[in-house]
Amino acid sequence: MASVFGQIFRISTFGESHGPALGVVVDGCPPRLPVTAADIQVELDRRRPGQSRITTQRREADEVEILSGVLDGLTLGTPIAMLIRNADQRSSDYEEMRTKYRPSHADFTYQAKYGIRAWQGGGRASARETVGRVAAGAIARKLLQLAAGVEIVAYVRRVATLEASVDPARVTRDDVEANIVRCPDTAAADKMIALIDEARKDGDSLGGVVEAVARGVPAGLGEPVFDKLEADLAKALLSLPACKGFESGSGFDGTRLRGSQHNDAFYKGKDRIRTRTNWSGGIQGGISNGEDIVVRAAFKPTATILREQETVDMDGNDTTLKPRGRHDPCVLPRAVPIVEAMMALVLADHYLRQRGQCG
Amino acid sequence: MASVFGQIFRISTFGESHGPALGVVVDGCPPRLPVTAADIQVELDRRRPGQSRITTQRREADEVEILSGVLDGLTLGTPIAMLIRNADQRSSDYEEMRTKYRPSHADFTYQAKYGIRAWQGGGRASARETVGRVAAGAIARKLLQLAAGVEIVAYVRRVATLEASVDPARVTRDDVEANIVRCPDTAAADKMIALIDEARKDGDSLGGVVEAVARGVPAGLGEPVFDKLEADLAKALLSLPACKGFESGSGFDGTRLRGSQHNDAFYKGKDRIRTRTNWSGGIQGGISNGEDIVVRAAFKPTATILREQETVDMDGNDTTLKPRGRHDPCVLPRAVPIVEAMMALVLADHYLRQRGQCG
Amino acid sequence: MASVFGQIFRISTFGESHGPALGVVVDGCPPRLPVTAADIQVELDRRRPGQSRITTQRREADEVEILSGVLDGLTLGTPIAMLIRNADQRSSDYEEMRTKYRPSHADFTYQAKYGIRAWQGGGRASARETVGRVAAGAIARKLLQLAAGVEIVAYVRRVATLEASVDPARVTRDDVEANIVRCPDTAAADKMIALIDEARKDGDSLGGVVEAVARGVPAGLGEPVFDKLEADLAKALLSLPACKGFESGSGFDGTRLRGSQHNDAFYKGKDRIRTRTNWSGGIQGGISNGEDIVVRAAFKPTATILREQETVDMDGNDTTLKPRGRHDPCVLPRAVPIVEAMMALVLADHYLRQRGQCG
Amino acid sequence: MASVFGQIFRISTFGESHGPALGVVVDGCPPRLPVTAADIQVELDRRRPGQSRITTQRREADEVEILSGVLDGLTLGTPIAMLIRNADQRSSDYEEMRTKYRPSHADFTYQAKYGIRAWQGGGRASARETVGRVAAGAIARKLLQLAAGVEIVAYVRRVATLEASVDPARVTRDDVEANIVRCPDTAAADKMIALIDEARKDGDSLGGVVEAVARGVPAGLGEPVFDKLEADLAKALLSLPACKGFESGSGFDGTRLRGSQHNDAFYKGKDRIRTRTNWSGGIQGGISNGEDIVVRAAFKPTATILREQETVDMDGNDTTLKPRGRHDPCVLPRAVPIVEAMMALVLADHYLRQRGQCG
C-alpha cells in the first residue's frame, strides 16, 4: 500500500528504474475531462532525463501510452493506466552496487527492509519512479484548470547558497522554462547553471530549494485535522526522492516574527474576502483561504557523486566505492515539474473531497 | 475521513474545543500490551493547559477515561476509545467571534468550507483537539518501547530567535522536563521563559522550532514511495495547529552543502552497519537505517493576540476585533509532548506495517 | 482498522459488550444537516434489548449522548461522536465462559487471534456492538432522506421455515412496527411470534431472513469494479453478527432462470427510464438504476442456547457447557433496524462518493 | 478508488474490454516470494475466453507481461504490475449498443453515472476486467500456499437447476479440471454441458452457483467487526460481474435449523481444537477457526442473449435490440478460477493483516 496516494483522485505507481517499464494508474478522475497523450507528454518532456547538459545523460524518450480510461479524448471515469517503457538501461554501470551500498542512497535500507533489492539503478528509490507521478499530475492539473481555474507554477528558488528573487504572485511558466535551470530570475539562473556545471565537472553535487505557487485555488479546500492541505502537501513533497524539508507560507523564517507582525489582516476585497499579507501561504487551519498557496521543498545534494567513498558491502565489511552510472549533479531543474505534479495531485484530490462532503 | 490517521495503528479523533468532550479511538493496537489510564494521564498532564505561567490559563484537568479495548490492564486488540470531558469553557469570551473572523485563525476558512462553524474557541481547529492525539500517542509510545526499545524525546530548540544547543543523541526526558519551557539547554531556557513572559504581558505571541529524536528505531521502517517515513512524519507534524514547516536530518541547511560533504559514509559498527555522520537523520530513501531519527517542526507565533486588529465580519464588511479568551503566548512548550505523540504514532504504524508485509 | 467502515461517510465503532460504554464516530458527514439526539434515539429504541418478550431481557436504556460535531441541532461537518453507556451488566452469568468456549460463538476465534479476550458477554462479537452502527445509520438515513428523498424499510421476511408475503414496493415502516416480530404480513407475524416463544421456552433458538428495500435511490450510485453497490451492501450485512448470507434482487433463486426470463426490459417511463421487471434489484453492473434496491440477509439461529453442549476449555480439554446469560432466541426482530442502518450507511457513502467524483 | 481492493495485499485493476490493454498492480506483496510469468499464466489460461465450446468464442491469448516488482524470479516487495493486451476486438459487433442500452447490462447505469461510457463490449463492466484479478490472485495463492499451506479449490456446484454432489473436504483441482464445465461430479457435469450447449444454440443463457473451499487456513484470520472474513469474502464475490448472492457455511439453508441443530460442538482434536460439524463454514465471529472455509456465489444467467429485446435508446425512446457479439452462454465454468482468485486475495490480505497487528 506504499504506492497509493490520494483519497478520491487516487494514484498508484509502479516500476523499477531498470525494469521493463514504469507507470501509473489514476483512479477516481472525473468523467468527460478532455485528456490526450500530448497533454501528458508535454509534462513528461519537462521531467525527461538528458534534456540539457546539467541533467543526467541517460537517454529516455519517456513516451507515454494511455492503456485505459480514455475514449476519443475524454476520460471515462474509470482507471487511467499509463505506461512508460524503459529504454536506455546500462545495468553494467551498477555491477559494483550489487554487493556494495552507495552512501546516502537507499541500497542499504531496502536491503534491511526487504532482504532483497533491485540493485541496478536504485529500483523504486530512483527518481525515475516519479515519471508516473508526473503523468498523473498532468491530468490533475487539467482537472484543476478546467474545473476551478487553478494555475500551478514551480521554479528553482535556490541552488546551494545562490538564492533567486521571484514574485510568486506573478511568475509564469514561460519565465520558468526560459532557461535550463528553471529559475525565473535570469541573473541568478546564469550563476546557478555555472555552479552546477562546475560541480558536475568536479564529480560533485548540489542541493537547493524549489518554490511552488498555486493561484486561483478556491477557499475551503483541505480538511480540519490530519488531512490539512499543508499536511498533505508536506507528505506529497517529502515523498519525493532527495527531499528533506517543507515549508508553507512564512515557514521556518516566520517563526522568528511576533504574532502582531505575522497575522494576516482580513479586508473586504472586490469580489471576496482578502488578506493584506500572505504569511499564511494561502492556508489557515489547514484549509485554503483563496490567497496564493505558496510552498517550498528542500532537496539535498544528489547522493551519487563520482568520487571514491567509504562504505560497507552486503557482508557488512568495510570497503570503498566509486559510483559510475549517469546522474543529475543537481536534481532541482528536473524537480520543478515533479513538484508541480505533486501539488496538482493534492489539490485535485481535495477539490473532489470537498465537492463530495460539502456538495 | 479527515480525522483518521494511520494505516494499521489507526486513530480517529473527535471533539470541539467548547463542546461536551474530546476523544480518540485507537484501532489496530496489538493485543496484550500493558496499558493503564495512568500511562495516558502522564502524557496528558504534560500537554494540559494551565500547567505554568507561560501557557494558557484555561483550567482543564484533562482526565482520561478508557471506554473500551482494555481489560485488566491489557489491550484486547480491539478499538481503544478514550474520552476527555471539557470543563472550563468560557464561551462568553468568544461572543464577538460569532460574527467576526480572527486574523490568521481558521474561522474564515471553516466558514468557507462548511457554511457553519463552532465559533466558540476554534472548534476542531483549536489545539485542544490534540488531546486525543496525545492519549493515542501514549499507547503508541508504549508499544514502540516494549516491542522494539524505541525512545522518543522532543524539546524546544528555538523560540523566536533564541536558539538552544542540544545534542539529540544524548538528551533525556528529564532534561526536557527540568524547566517549564521544555528546553534542555538551561541557559537558553531561562532567556526563552523571559521572552515569552514579556510577549504575554505585551499581549503578543511568539513562534519557534521543536526538535524531536527517536533512538533505537530498527532499520527497515518506512515505505519506498508515498509513505516514506519522512513523508508520514511531515504529514503528522504539519497536521498540528500552527505548524508551518518540517525538516528531517540536515533539512534546509543541508541543501547548502555539496554531496561530498553531505553523504553519510557507512562503516562496520560493533553489532550493525553504522554511518559516520547522520545528515540523513536516520532515514534514507524514506526508510529508517538504524541511526537516530531527527526531525524539526516550525510553529508560527500564536494567532490569538490581545490587540485590536483589522478584519471582516460574516457579512464581508470591514471591522476590527480585539480577541479576549485565554491563549498560549507561545505554543512551543506544550507542543513538545504533542510532537512526541505524533512521532510515536507514525513509527508504531510503520512498525506494524513492516511486520505485516515483511514478516 | 477493523472497525472503520465507509470511504467518505466513514464510521468507526468501539466498545465491548460488558465494558464501560459503546459508541461510534461518524466522519465525513456533510455540514448543516439537522440532527438531534432524538433522531438517533428513535432508532436505538428499535434496536434496544428488552423491548418485547421475544427479545433478550437485558435492560439497557441505550441513551445516546452526542459528544461532538453538532451545534444547535446542525452538523458541523466535523466528526460526530456518540456515546452509549452500558448499564445492566451481569458478568457473573459469564463466569464459566472465562475458561470454556461457547460453541459457534467467537470465544475460541478471538482467543486464537489475540491470545486474550473479553470473556464477559462476547466483547466486540456481541450484537451490542451494533448500537454504534444504528446511531450512525440514523444520521445516514437523514442525509439520504433530505438530500435525495431516499426511503429505507427492512422487515422480517422469514423465521425458520415460516415465510411472509410482503411487497417491497409498498411496505411502510408503520406496517413493520405494527408487531413485535417486525413482519408486515400480520398472519405470518402471529405464527412467527408463537414459534419464537416456543423456542425460547425450549431453551433453543431460530434463524431467518431479513429483507430490505431502498426506494428513491437515484441512478448512478455504486462503483464499477470492487466497490459495486451490491458488493458494499454484501459486506455491510455480512459484517453483522450471525449473518451467513446475502442476496440482491433475484439472488440465488434467480440463478435457476434463463436469461430470456431474467433480463429486465427497459422502457420509457413518465419521467425517467424504467424497467418492466426488477430481477436486478435496482442494481446493474454494480450501479443503481433508479428502481427499488432489494436485498436479503440470512441470519443463523442464535448460538447461545440454554442447553448443555459439548465443548473444550482454554487448555484444550473436552468438557461441557450450559450457557446462562440473557439472549435473543431469534435475532431477526432486532436485526431489522440494524439492517436498515447498514443499508443507509452504504448508500450515504456512495451518494457522497458519486457527488465527489462525478459532481 | 473504485478499483482498489485490499488493505495490505492491495490490488488495483485497470482496462476496458475493448481498449488497448488490461492489467493490475499488486502492492504490498511480501518480498522474496518466488513468482514467474508461468505461475500467472496457468491461472489466466483457465479464465481465458475461447477455451471450450461452452464459453465465448472471442480469441484472446491473454498473455501476461510482468512489468515490475519481480527480479530473477523473486518478488522485490515493491508493486508488481502485470499487463495483458487485448487482441481480438470486434467493436463492430457493438455498433448498435452505441445508442441502445442492453437489458440487464451496465450500459444504462454507466451512462447515468458518468454521462459517458465505453460502449464497445461493456468497458469495465465486462468480465474481461477480471483478468487482472486472476493474475493478482495467482500471486496471492502462491503466498498462501508457501507461507501457510493454504489450498483453495472452487467448482461449479449448480447450473440452473442441475445440482452436483461434491465433498468440499476432499475435492481436488484435478477433479475440477477433468471436464470443461469444471464440475467434479462427472455425472452432473455431463448434464450441465448438454444444458449449456442447448441454451447456447437457443440464443439463451443460464446461471448457477460456484462453491469454493479453502483448506488449511490457520485460526485467527479476519477482523472482529466490519472486516469480518465473511464480509470481505462477500464483497469480493459480489464484486464479480453477474454475481447476485453469497453464502458462507450453512448460508440461507442453515437459517431453517434450530440452534441446537446448528451449533458446531468443539472437541479436542489430534493437534488442535476441532469442531464436530462445520455449519459455520470455518468462520466464527468473522474469524477463521481452522476448519475448512466454504462459501458459495450465485451467478445470474448471462445478460447477453441473442434475442430481440425491448429497450430504450440514449434519447430515452423505446426501441428494440438484438445483441450480436460473442458471449458466454453460462459464466460458471470460467467463473471458477476467478472465484478462487478473489478468495486468495482476501485470505492473503487477512494473513498479512493478522501478522501485522498480532505479530
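Every chain is named by a letter (A, B, C and D) in the order it is written, and numbering of its residues begins at 1.
Everything that follows uses one rule, which is that contacts are C-beta pairs under 8 Å (C-beta built on N, C-alpha and C of every residue); 3 or more make two chains touch, one makes a residue touch a chain.
Just so it is clear, the model here is predicted, and its values are computed rather than measured.
*Asks:* Look at the interfaces B-C and C-D and say which one is made up of more C-beta pairs in contact.
*Replies:* Between B-C and C-D, the larger count of C-beta pairs in contact belongs to C-D.
*Asks:* Hey, which one of A-B, A-C or A-D is the same interface as B-D, over half the contact pairs lining up?
*Replies:* When the residue numbers line up for over half the pairs, the pair is A-C.
*Asks:* Would you mind pulling out the distance in Å between where the CA atoms of chain C average out and where those of chain D do?
*Replies:* Going by mean C-alpha positions, chain C sits 26 Å from chain D.
*Asks:* Averaging over Cα atoms per chain, report the distance between chain B and chain C in Å.
*Replies:* So the centroids are 38 Å from each other.
*Asks:* Scan chain A for residues touching two or more other chains and write them down.
*Replies:* Correct list: 1-4, 7-8, 13, 28, 31, 77-78, 113-115, 123-124, 224, 353, 358.
*Asks:* Show which residues of chain B lie in contact with chain A when the two form their complex.
*Replies:* 1-5, 7, 13, 101, 103-106, 108-110, 112-115, 123-125, 129, 158, 160-161, 199, 204-209, 219-228, 230-239, 241, 243-252, 254-268, 273, 275-276, 279-281, 283-290, 298-305, 307, 309-312, 316-318, 353-354, 358
*Asks:* What residues of chain D sit close enough to touch chain B in their complex?
*Replies:* Contacts found on chain D: 7-8, 28-31, 77-78, 224, 352-353, 355-359.
*Asks:* Looking at the complex, which residues from chain C come into contact with chain B?
*Replies:* The touching residues are 1-4, 7-8, 10, 12-16, 19-23, 25, 27-28, 31-32, 65-69, 71, 74-81, 83, 113-118, 123-124.
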